[in-house]
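Pasting the structures here.
Two complexes are shown next, each including chain A; its partner changes from chain B in the first to chain C in the second.
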Partner chain A sequence: MAENTTSRSKRLFTTAGLIFLALGIVLYFAKAPMGLNRKIYDLPIFLIIIGVCFALKGFMSKNAPVNELETSRVSFVEFLTNNAILLAMLVLVVVICILQPRFMQIRVALDILTQSSTKLIMALGICFALLIAGTDLSAGRMVGLAAVVSASMMQTATYANRFFPDLPQVEVWIPIVAAIAACMVFGALNGFIVAKYEMHPFIATLATQVIIYGVCSLYFDMPPNNSQPIGGIRSDFAQIGQMRLFSGIYKGFPGISILIPISIVICIIIWFILNKTIFGKNVYAIGGNREAAVVAGINVFRNIMFIFILASFLYGIAGVLEAARTAGATNNYGNGYETDAIAACVVGGVSMNGGIGRVGGIIMGVLIFTVIQYGLQFINVSPMWQQVIKGVIIAVAVAIDLTKYRRK
Partner chain B sequence: MGEYLLEMKNITKTFPGVKALDNVQLNVRKGTVHALMGENGAGKSTLMKCLFGIYEPNGGEIFLDGKKANIHSARQAMDQGIAMVHQELHPIRFRSVMENVYLGRFPGHMGVVNHKAMYDKTKALFEDLELDVDPLALAGEQSAAILQMMEIARAVDMKAKIIILDEPTSSLSDREVEHLFKIINRLRSQGVAFIYISHKMKEILEISDEVTIMRDGTYVGTWPVVNKETGEKLTNDFIIRQMVGREMTSQFPPREGKPSSEVVLKVEHVCSPLRKSFQDVSFELHKQEILGIGGLVGAQRTEFVEALFGLRGIASGEILLNGARYSAKSPGFAKSRGLALLTEERRATGIFGILPILENTVIANQKNYAHLGILNERKRRIDADEECRKLNVKTPSLATLIQNLSGGNQQKVLIARWLLTNSDILILDEPTRGIDVGAKYEIYNIMLEQIAQGRSIIMISSEMPELMGMSDRIMVMCEGRVTGFLNKGEYSQEKIMALATQFAVHKDNTAA
Partner chain C sequence: MRKVFILALVFIVSLSCCACADEVKIGSCIYTFNDAFMLRFRNAMADESPKLGAELTLADSKNDQTTQDAQVDEFIAAGVKALIINPVNRMDVQTMVDKARAADIPIVFINREPMPEVLASYHKAYYVGAKPEESGTQSGQLIADYFHEHPEADKNHDGKIQFVMLRGENGHQDMIARSRYSVLALKNAGYEPVEIAGAIANWEKLQAMNIMNAFIMSIGAENIEAVLANNDEMALGAVEALKANDYNKGNPEMYIPVVGVDANASALDAMNAGEMLGTVLNDADNQGIAAVRLAEAVASGRDIGTIGYEVTDGKYVWIPYQKITKGE
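Moving on to the complex of A and B:
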C-alpha cells in the first residue's frame, strides 16, 4: 500500500512534468505565428521551467522503503490541507494571469524574487529564535541600524550634506563590516539576556529593540546630520544592492538582481547549518525540549548566544542591502520587518512552540507573501484590502497547519 | 438495572495505519474496583480515552446503567458521571487549590463567582477525604499525592459514578498509597466504581475486585481477584502470563560475576547548598557494581544524582572519579568524564518528543560525528541504527518520532543515547517507571550487559522488588541523609523501610 503511494506520486510528477514541458515547447514555437505574443507573454518559458522541475522531482524521488505505520494512503483531503496555502496561491496566480496576462512575464517573476530576497534573509535570521520557541522583535530595528551605519560612511565626496564631512574615500567592505558588527553587538546582548537570565525572548528582544532604535537615532541625530535622511550614496556601494546580472543577454531581458543570488547563497548556508551541523541539531533539540537538552549535556547558554548573534549577522546583511538598494537610509528603515519575517516563517510551517521548521518552508512562506502582494497590486487591489488579505492568510495558514498536528 | 454499571462492547479504534483497539470489552460492576492491566501499548489508555470522549471509537457501543451512552467529549463524559484522574496531572499552578477543584463549574450567579461557597465546599470535601490542605493554597505548591486527591475530590463533588485512575501510585510513597486506598475503599462502599490502571501487581491484588487484561489492543479476559467458589486468589505469575502471552520464568535475569574491588567513584561528605536537600552523602561505587539507592519520595535521591551530574549545585564535599578530583560543573562536563544520567521524568527531561528517534539517539554524542562542527550523516545513522538494534528498540524506522513509541521503547532509546557516549558510570533514576513487564526485563538485561562490559551503575528505584532484585548493594536515604547500606543477602523490605523512615528528630522544630 505504502509502496504504491510512493511510486504513484513519482509517476504523477514525471508525467505532469513531461506534459508541461511538451506544452511549453509547443507554445514557445507556436506563439509568434499564432499571434499570441500579447496574450500569453512568457507563459511557455514558465511551463518549461515548471515541467523540468516536476520531471526532476519525479525522477529523483526514491521508492524509499516506507513502513505501513508511518504513511498511510495520502488522501485527497490530506493533500489539500497539507498544501492549502500553496494551492490558494496558485489559484490566485491563475486568476491574476487571466485578468492581467501581462503578469506572465519573466520580468515579473524576477521582480517577485528580488522583492523576496531581503525578506527571506530576515526570515532565515528570525527562524532560529522561533525554533527555540522564542521570537526576535529587534530584527527590524537592526536592519535600520545597519542601513544607517553603512550608508553614513558611503557618501560621495562631493555630496553637500555629508554625515562625516572629512571622511576619506573608504573601502566598501569597511562600512559593511562596521554595520554588521554593530548589529552583532546587539545580537550578543539579546543572546546574553535570554541565555543568562532565562528571560523570554519576547521581553528581551523588546528591550533591545527599543535600545537599538534609541542608539540608532542618537547616531543619526549627530551633527552635522541632525536626523536628515542620508543621501548621496556612492555608486560602488549602491551597486551591491542594485547590480543586475546578465542584463543584455537578449533584447528586453531586465537582468537578474544581485539580491537573488545573494539570498540563494544565504539559504544554502542556513540550510546547511540547520541540517548538517551540531549547532543546527542543538537548535532543534533546545526547541524540542530545553530541559532534555540540558540533561543531554548541550551547552544551552552558548547555543542561544550563537543563535542571536547569527540572526543579527543576517539582519545586518539585510540592512546593508536595503541601504544599497535604495541608495539611502534613515533611522526608520526596517521598522516592522520582524513581523513580516515572523509571519512568513509561521506560514512556512515554523512552529511557534519551537523545534519544528524547515528552510524550504520558510522560502515558501516568503514567496507566498510577495506573490500575493505583487499580484494584488498588479490587478489594482487597494493597499488597504491587501492588508486585510495578508492578515487573513496568516490566520488561515497557521490554523490549517495546526490541524495537521491535532488528531482525534 | 442490569448487572453492570458500565459496559463497553466491541470497541474498535484505528489510527492511520494502526489498529489500536480491536473488539475490546470492559464490564464494570457498581461499587467495585476494576483493574485494567496490560503492557504499555496494549491499548489501556486508548480504551479509557474512548470512554472519556477524548477519542471517538470507530466501532462498538458503550452502555451506562444499561442505557446506551453517547459520549463525544470529556464534558459529556463528566455529565454522565465519568471522571478521570490522569497519570500526569496538570493543575493550574498559580491558582488556588479550590479553584482547581471547581474549575469549569465555579459556584456562583450570572458569571460572578461565590468564593465563600467555593471555600466552604472545598473545605468540607477535603475533610471528608481526610485531606489537610488549605483550599487557598496554590496548586503548584502541592505534592503529586495531594494533587491526585484534589482530582478525586473533584470527581466526588461531581457525583461521579465511575472514576478512572491512571497509574495513580506511580509517584506516591507507600504511606500516600495507603491513604489513597483508604479513600478508594470508602468511596467503593458508597457505590462508586473505579477503573484502576496500574503496572504494580501487589497493589492490584490488594485493592481490586476484578481484573481485565488486554494485550496488543485486544481483550484477553476478565477474572475476579478472589474466586468465590474456590477462594483462590489470582497470582502475579498468572497475570503476567496473560499480559505478555508467554511464560515469564523470573522477574529478574540472573546476575553473573561480581563487582570488582576497584573503586571508580568515591563521594565524600557531599552537601547541597539547600538545607532541606541532600546532606553529607558519602559512598563508594565499585567497578561493575550496581548500587541501588532506596528511599521514600522526598528522600532527595533524585536531587543528589542530578547534582552529581552537574544539574544542581554542590556546596561542600569531595568527589573522586577514578582517583582524580571531579567537580560537577555542568552536564556537559559530567558527560565528558564518562557519566550518564537517565532522568526520572522521561517526557519532561529525557526525550525530544517531536524529533525522530535518530536525533534522540545521537544527540548527546554529536561531537563524535562532526568535523569542525559539520556532521557526518552516515556515521550518525549507522551508530544509531546499531545501538537501537542492540537494545531491541521496536520501531518502524529511525525517522519515527520518539513520541510515537511506547514508554519502554522510549527508555531504550534514551539508554542507547548514553551508551553511545561510552559512559563508564550510568546513573539510572527510576529506569523502569511506567514501563511494562516485558520491557522491564529487557532493561534489566541491558543493565547486566553493561556491567559485564566493565561499566558501573547507580540505580534509584522506588520499587522494592526491583531494588532488591537488581542491586549488588543498596544505599538508603531519608530526608537527604544516607541512613544506611545493605549488602546482598541481607535485603528485606522491612530493613529498607526501617532505614528509609529514619526521620531525624528535629530539635529546633518547636522553636520554629
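Moving on to the complex of A and C:
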C-alpha cells in the first residue's frame, strides 16, 4: 500500500512538473511572436520554475513515502483542509494575475521576497518566545529602537540637521553593534523578569515594550534632534538595506536585494540552533512541558534568558535593516510588527501552547502573509479590507490547525 | 497610569505657579510630542513666551482626546490665564471651549482647525494656523511649473498629467485640502490631472515607500508622470522607492517630479541632490509666535490688533505658506 501511494504521488508530481515545464517552454518561445509580451509578462519563466520544482519533488520522493496524497476521497478532503490557506493564496494569486497581469513579473516575485525578509527575521525571533508558550510584545518597539540608534549615528557630515553634530564619520559597524546591543539589553531584561519571577511573557514583554518606546522617544527627542525624523543617511549605511546583487545580468533584471541572502543565512542559523543544538532541544522541551524539563535537569533560567536575548538580537538586525532600507528612522518604526510576526508564525503552524513549530512552517507563514498583503495592495484593495482579510486568515489558519491536533 | 500623570501635571503646574505669581500662565496641549512639525511649533512657542513675560506649560496629549480633556481640566484647576490647544480630534473640541468659557479664559486652537460654529460659540475662542488649501495649491503649482518648463515630462504626450497621490491620515483637514487643492491648481494651470493611483500612507515614510513600490510594480514607473505627497516624509518615502527602481538618480530620462509639504531638513537635502522637485513650507515658527502673542494679549486684556499679525474676522490668524525648490 505504502509503496503504491509512493509511486502514485511520484508519478503525479513528475507528470504535473513536466506539463508545467513543457507549457512554460512553449509559452516562452511563443509569447513574442504571438504578441503576448504585455499580457503574460514572465509567466513562462514562472511555469518553468514551478515545473522543475514539481519534477524534482517527484524524482526525490522515491524513497520517502508520502502519505498526504492518498487518493481516497477522505484524505483528499483532508489535504484540502490542511492546506486551505495555501490554496486560498494560490487562488488569490491567479485572480490577481488575471486582474493585473503585471503581477507575473520576476521583479514582483523578487520584491515580495525582499519585503518578506525583514518580516521573516522578526518571525524567527518571536518564534522562540512562542515555542516556550509565551509571546513577545516588545519586538516591534525594539525594531524602532535599533532603527533610531543606528540611523542617528549614520548621517552625512553635510546634513543640516544632524543628530550628533560633532560626531565624526564612524565605521559602519559601530552603530550597528550599538543598535543591536541596545536591543539585547532589553532582551536580557525580558528574559530576566520572565525567568526570575516566572512572570508570563505577555506581561513582562508588555512592560518592556512600554519602557523601550519611552527610552527610544527620549533618545529621539534629545536636542538638537527634538523628535524630527532622522534623515541624511550615509549611502554606505543605506547600501546595507538597498544593495542589489546581480543587477543587469540581463537587460531589465532588477537584481536580488541584499535582504534576501541575509534572511536566508539567518534562517539557516536558526534552523541549526533549533534542530542541532542542545539549546534548541531545551527550547522545545521547556515549551512542551516545563515541569518535566526542570525535572530532567534543564537550566530553565539560563535557557529563557538566552531565548529573549537571541530574539532581541534578531529584532535589532531587523531594525538596522529597516533604517538602512528606508534611509531614515523615527521612533514609530516597527510599530505593530510583533503582531504581524506572531500572526505569520501561527499561520506557519507554530502553536501558541508551545513546543510545536518548524522553521520551514514559519517561512511559509511569512510568505503567505506577504503575498496576500502585497497582492491586495497590487490590485488596490482598500487598506480597511486588507485588515479584514488578514484577520480572517489568522482565525481560519489557527482553527484548521487546532482541528488537526484534535484529530490526532 | 493616567492618575499618576495628572497628579504630576498638577504638581508641576502648581509649582510653576508659585514661582512666578505675576506672569501670565499659559497651558498648552499638543496632540502628540512625536510630531516633527508640532515640535517646531512648540519650540517656537516656548521661545516666544519668556519674551512676553508669559509662563508656558506644555502637555503631551498622547493622541488621545480623553487625555487632552483631562489635561485642560488640570490646567484650569491650576489657574492658567489662557489655553493653547492643538486638538487631538478637531471635531471634538466643544467640551474644551465650554470649559474655557466657564473659566472665562481665552482658548487658542492651533494646527487643527475647529468647525466655525464652535469658534463662534465663545468670544474668546481663536484659531492660529495656515490655510490648508494654500499648501495644496502651492504644491500643485510646483508640478504645473515643472510641466511648463519641461513639456517632455508628459511622457505619453496625451496632454494630461498622470499622477500618484500619497495622502495623510484619513479625515485630517490638511490631507483633505492638500489632496483637493493640489489637483485644482493643476487644473487652473491649464493641465488635465489624472489620478492614476492614490493611497493613504498616514504621513509616514515607511508606509509611503512600500505603497509607492507597489504602484511602481503594478502601474509601471514609466506610466507615472508626477507624485504629489501630502507631506515631506511621504514624498521622501516615494523618492526612496523610485531610487530603488533606478529613478531620480540623476538620469534625466528616468525622473519623476515629487513634491511634498513641510520643508523639513531631509526634504531640503533630497531637493539639493536632485531627487525631489520641491516642497511647501508650513511656517511653524510664525504660527507658534502668533499663538502665544494672541493668547497673552487676550489674557492680559490688550487689543488683539497689537500682536503683529493680522486677525481675520476677530477669530483667525492665517500664516501664509511658502514654495521652496532646489537652492532656496
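Definition applied: the second predicted complex is superposed on the first by the 395 of 408 C-alpha atoms of A that agree within 3 Å, B and C clash if a C-alpha of one lies under 4 Å from a C-alpha of the other, contacts with A are read in each partner's own complex, and residues count from 1 in each chain.
To be clear about the criterion, a residue touches a chain if its C-beta (ideal position, glycine included) is under 8 Å from a C-beta of that chain, and two chains touch if they have at least 3 such contacts.
The structure presented is a predicted model; accordingly, all values stated were derived computationally and were not measured.
Enquirer: So, A:Lys276: does it touch chain B (first), chain C (second), both, or neither?
Expert: A:Lys276 sits against chain B, while chain C stays out of touch.
Enquirer: Applying the document's definition of touch, where does A:Glu322 land relative to chain B and chain C: first, second, both, or neither?
Expert: second
Enquirer: Which partner chains sit in contact with A:Phe378 here, chain B, chain C, both or neither? Use first/second/both/neither.
Expert: Once the two structures are laid over each other on A, A:Phe378 reaches chain C alone.
Enquirer: So in the superposed three-chain picture, is A:Ser217 touching just chain B, just chain C, both, or none of them (first/second/both/neither)?
Expert: second
Enquirer: Using the touch definition from the top, say if A:Val295 reaches chain B (first), chain C (second), both or neither.
Expert: first
Enquirer: Is A:Gly355 in contact with chain B, with chain C, with both, or with neither (first, second, both, neither)?
Expert: A:Gly355 contacts chain B only, not chain C.
Enquirer: Touch test for A:His200: chain B only (first), chain C only (second), both, or neither?
Expert: After superposition on chain A, A:His200 lies in contact with neither partner.
Enquirer: Once bound in the complex, which stretches of chain C touch chain A?
Expert: Residues 33-36, 39, 43, 197, 199-200, 204-206, 209-211, 213-214, 217-220, 233, 236-237, 240, 243-245, 264-266, 268-269.
Enquirer: Contact residues on chain A for chain B in the complex?
Expert: Per the stated touch rule, the residues are 67-72, 276-279, 281-282, 284-285, 288-289, 291-299, 355-356, 407-408.
Enquirer: Given the complex with chain A, which residues does chain B contribute to the contact?
Expert: Chain B reaches chain A through residues 15-18, 55-56, 309, 311, 330-332, 334-336, 341, 343, 348-355, 359, 363-364, 366-367, 370, 373-375, 377, 396-397, 399-400, 417.
Enquirer: Under the stated contact criterion, what part of chain A meets chain C in this complex?
Expert: 100, 102-103, 105, 107-108, 111, 115, 159-161, 217, 221, 226-229, 231-232, 242, 254, 322, 325-328, 330-333, 374, 377-380, 383
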